[in-house]
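Each chain carries a letter (A, B, C, D, E and F) given by its place in the written order, and its residues are counted from 1.
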Amino acid sequence: MRILLLNPNTSRDVTALMRATAEAAAAPGTELVPATAPRGVPYIATRAEAQIGGAIALEMLAEAPPVDAAILAAFGDPGLVGARELFDFPIVGLAEAAMLSACMLGRRFGIVTFAGALVPWYEECVAANGLAGRCAGVRALEGRFASLAEVRDEKEAQLVELARAAVAQDGADVLIFAGAPLSGLGARVRERVPVPVVDQVVAAVKLAEALVALRPRKATAGTLRRPDPKPSLGLPAALAARLAHAG
Amino acid sequence: MRILLLNPNTSRDVTALMRATAEAAAAPGTELVPATAPRGVPYIATRAEAQIGGAIALEMLAEAPPVDAAILAAFGDPGLVGARELFDFPIVGLAEAAMLSACMLGRRFGIVTFAGALVPWYEECVAANGLAGRCAGVRALEGRFASLAEVRDEKEAQLVELARAAVAQDGADVLIFAGAPLSGLGARVRERVPVPVVDQVVAAVKLAEALVALRPRKATAGTLRRPDPKPSLGLPAALAARLAHAG
Amino acid sequence: MRILLLNPNTSRDVTALMRATAEAAAAPGTELVPATAPRGVPYIATRAEAQIGGAIALEMLAEAPPVDAAILAAFGDPGLVGARELFDFPIVGLAEAAMLSACMLGRRFGIVTFAGALVPWYEECVAANGLAGRCAGVRALEGRFASLAEVRDEKEAQLVELARAAVAQDGADVLIFAGAPLSGLGARVRERVPVPVVDQVVAAVKLAEALVALRPRKATAGTLRRPDPKPSLGLPAALAARLAHAG
Amino acid sequence: MRILLLNPNTSRDVTALMRATAEAAAAPGTELVPATAPRGVPYIATRAEAQIGGAIALEMLAEAPPVDAAILAAFGDPGLVGARELFDFPIVGLAEAAMLSACMLGRRFGIVTFAGALVPWYEECVAANGLAGRCAGVRALEGRFASLAEVRDEKEAQLVELARAAVAQDGADVLIFAGAPLSGLGARVRERVPVPVVDQVVAAVKLAEALVALRPRKATAGTLRRPDPKPSLGLPAALAARLAHAG
Amino acid sequence: MRILLLNPNTSRDVTALMRATAEAAAAPGTELVPATAPRGVPYIATRAEAQIGGAIALEMLAEAPPVDAAILAAFGDPGLVGARELFDFPIVGLAEAAMLSACMLGRRFGIVTFAGALVPWYEECVAANGLAGRCAGVRALEGRFASLAEVRDEKEAQLVELARAAVAQDGADVLIFAGAPLSGLGARVRERVPVPVVDQVVAAVKLAEALVALRPRKATAGTLRRPDPKPSLGLPAALAARLAHAG
Amino acid sequence: MRILLLNPNTSRDVTALMRATAEAAAAPGTELVPATAPRGVPYIATRAEAQIGGAIALEMLAEAPPVDAAILAAFGDPGLVGARELFDFPIVGLAEAAMLSACMLGRRFGIVTFAGALVPWYEECVAANGLAGRCAGVRALEGRFASLAEVRDEKEAQLVELARAAVAQDGADVLIFAGAPLSGLGARVRERVPVPVVDQVVAAVKLAEALVALRPRKATAGTLRRPDPKPSLGLPAALAARLAHAG
């Protein structure tokens, strides 16, 4: 089984970080196909950037090699619903995978991330998934950090502190470290957080495998049926072809 | 006062249709500045197309001349929240303006549109605005129509029928004909629908004027403060400059 | 266009305060017709007083000269829904106008007012409008103040402090100073609050103008159709006549 | 124990009807003190009439003899929250009592009433009580009836039909015949409705007795504490005195 | 009228405590029939224990003598919905009775209990009743106490402190001391809590009497109709017979 | 990895049916350990039976051999939350697994089952998971069927018809055939339903594997921490030992 690990950000080192976590979690026979955004921002953090990055994700999906499933590998899942309309294979978002997995481990999950700018977007992602009632809150580091790829090391102690506060003060039963740069952190701090920690990339890989196992057909009815063919102007060729049913 | 009438679709005739309605509703001293998307699709109808079109709307806003306010003139309001983060002038969406106006005319509003493909997107727009409790439902024409710019004429009788059903069966107190191509329809069928009808473009112009009258400052706190400067790769120059605080 | 500025309180100085703010915001051609309650309380602050004052508002509307629209000029909007049933012209409430305008300026609005007694009523007004999900909370001054008409001056610093707390602690993206005596405060403290401030009276005037521009017909169906004629006993003559379809 | 049976309508025959049902249900030692509105409408049916009638209910409570508790005996409970602020003895509404009792007999209750005009008001009463999730819907007779006091006899068959539809189609587990003129109907049609029927007056009497048994103190904190003394103009003497803490 | 006071815990002293409170509140002619669980735990405190204890409650109901109604006398109401399916007489839960009574005394009720382990279960009980919107929160003592039957005496001061915090900080209008061992506490601390206090046992007795007065028929439709006969294996004889319609 | 496939019903043939589906979906290295309830009912269908069956599920878990995870293999998930408190390994419910998987395949899922008696329980399971907003509704066969183990064959055509109605009329994007006896049906009717079908057992196996891959620690805080040791009376030895921390 081939699973596209689609990073809609331009940071290749973050793709590499996620790939390492993903490969360790994959079942025998699961091959991960990484892809990094050829244009856009290094790290999507706001609704404006998610609007842009989600459109780029659609372009990347249109240009991808054949796969059995895809992981939209940015917490916040930019472009996910549109992607499900447009493409025939199952797609899972990093946030979605982490949140749904967390639902099996507690009544409410806490989300901890590395920058305050991400909070409104993540909150809206929770709400758009209809999971606000299962979320104990989103907490974020304050202040600057040295490097995106190493924020999880630099700020490990503070992130654990936030996780403990999410449990003690917000009532979280389970914890998600959110944002691609925090991939793999959960395993390292496991003993210092008093509730289960869900790793977003592990969750995404296992849920992508689950979707493949379910062998879902492409909907021909409902809100995720493929849109009717549509002409377009000035869009990347592969995306235009997909919109036009010409691909 | 200058108000940008931004159509994130590529259909110039739809822009013209909206402009005519807008100018008739504008107060003395309000100048409308129309803009049509230079790339994208003729009519955004799905979540995938909204993802793409919303990113194009951000590009258009970055390239716009100085204005006092902007109307995001596609029902569904693609890119609206991101636009509010990124830009300093007030921006109102067509759907938002129609729905908020309708709230003053009834307990619940009905939405009637011209294509079933639009329904899921419109429903999610209602929910994202936190107005699901004020919405009696979304109804759409079935079947094909000859031309986008003339669908309001061709299907007038059926659209009125849907509006009447929204009142009688869904409990709507007020009616919105949704989708830019239906601009101006409300005035024509006013006597055939037993509840007030809100014209989306009239609502948007008057609410844009209201926003200018309120003289809102740009937030420096909260979820709509301007994002920190961010580098980018391969984005249109004006948008890249805006993201980088270089414009 | 003539707009009734209906103060259901007996405080003429508060009417004057609102009238000044309203006239500054009105479009050319908009005439404001002020009216102050001939009986009732100086300032409606509780659910009991709103019950009484809302009934007086209905009496005042029945006795009003011909207008194109009315503003129910007490935050909390006592009697608003009943007024919409009974009368043919559009009516907007001060709270409603402020809240709907705020929705265009942020995800969630904060409400700041001058007396704790108002809080439960305002909270119920938010909920009755179906906007609880858009409200970050209601904060109020503690303690006494010298005079209703001057509370905005006397307590300006404390009110700004509450506004800042609403942003920093409650997550408000936009701020409403609520209660007729705070009319005009927003403009004065604009630079000291880090998010947009909505002036309730400005919002009400512009939204009343918007309603007139929409030319809404009187509903003959739905929950706001005019009630069937009804006899009554001992009510003021104009109101009794309106109830009886005799006016 | 003395319980005020306060009918905020002017229909003495409806008061008599409720009194008969109430006395049959009262415990030994419970005395019912009936009161009929001296002014207002014969039967409150709309939000406008509830606004007026609720204010009259406050006047009546201010003028009432000493009692241990009161029943606000109009389904819809006009003025109930204000009454709880203003007065020291416990007060229960007819709608509230019926709905809370119904909650013990099923997951969701259906409401059946005798006029379509009542439906929006009843729906808002359900929502204001936070019980929308427990309500399967409100159904009403269509068309005219001969006399208010005899509508329960004239339309008995149709009312039973609506009740059966509420069960079969809306999923009601328990049924409320709503509106004072339907008092006593439940007992008569008990065998023709396949779920329990709650009589609103029986429920109100028993819950008023329950409140007296609980010996609740008057709140000095929270949203139902007595409002601070307030001057007023032109209100009935007893009510003005109560508002002024002069009574 | 005979009312079963069913304690699904094995603590006979708690049964005795509740019985004393119940008998003081009962109307003339109401006889209370106490029953204590023959197996299970001394005090149900968690979801696991509620699962077990609720099943034992069903066994006890199947084995009970003829009664007119039953009180499921453990706050949290383990097994209540299943009991209503299976049995023909009305049944009220301790939590349900307290919460519904509290709804008549305030907008939102606070719950105070004696052990943190109870909080999640009580919160889920509130939500399952659809009353989350009416609940200001659940607070619990921290730390150990000497004896279940005397916790209300030992910790009286701390419980009052929690009650006062529920009012001042959570916005409770009315207070419930929850958990059978706190029965009777409300009356003793009445003057030290600034809002009405609902005694769970008094509420349950009066609401059970109300249900008997309503003379509800057993549903033959809806979600509480009696399940079809079902064979079983290894269950207590009376319960097996009830399931099989053989009793 | 060993996964307990715990059927809380007494039907061995249903266990066998689920085991076959489960083994076909399991990853290499996953061993399924089936268990059938030694007492209880053949098929849990109501809230009363779920109360009893959930307690039996706890007994079975206490008596189970060492496993890495467990599947609570009855749609409705009786006893699931209690099980998560009491035991250290991850546990997933059949309903939960199917619903969470469905969330990745559509906005709202439809549930189709084989008996109307199951509907209220399933609806409450959806709500207790906080997923009501993601559920398009629950539909059930009417009438009798010949045998539980063969209902999926006997009623295949009608079940497909219900699935199609869930899509066309309820707006389901994805479909769940719910109830252990329908295991495996999805694969057979895949082409006759126009949206993806989630097989509950496949979903449960893959999500159990995902939980094991996440290596969740046992919570020592939050609502799923292990309850304090508790004595008990008359419970099965293994369960009593687990409650007492003596096992």
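We take it that a residue touches a chain if its C-beta (ideal position, glycine included) is under 8 Å from a C-beta of that chain, and two chains touch if they have at least 3 such contacts.
Protein identities per chain, from UniProt: A, B, C, D, E, F = Hydantoin racemase.
Please read all numbers here as calculations on a predicted model, not as lab measurements.
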Check every other chain and keep only those touching both chain A and chain B; list them.
none
For chain C and chain E, what is the smallest step count along a path of chains that touch one another?
2
Interface numbering overlap (same over half, different under half) for chain B and chain C:
same
Geometric centre distance via CA averages, chain E-chain B, whole Å
52
Distance-wise, how many Å sit between the C-alpha centres of chain D and chain F, to the nearest whole number?
44
Whole-Å gap separating chain C and chain D, where each centre is the average of the chain's CA atoms:
29
Which positions in chain B touch two or more other chains at once?
81, 107, 120, 223
Between the chains shown, work out who touches whom and classify the graph as line, ring, star, complete or other.
ring
For chain A, which residues are in contact with chain B within the complex?
10, 38-42, 45-52, 54-55, 58, 78-79, 81-83, 85-86, 117, 119-120, 124, 128, 223, 227-228, 230-235, 239, 243
For a test of understanding, state which residues of chain F touch chain A in their complex under the given definition.
25, 27-29, 81, 90, 92, 96-97, 100-101, 103-107, 129-131, 133-134, 167-168, 171-174, 187, 190-191, 194-199, 202-203, 205-207, 209-211, 213-225
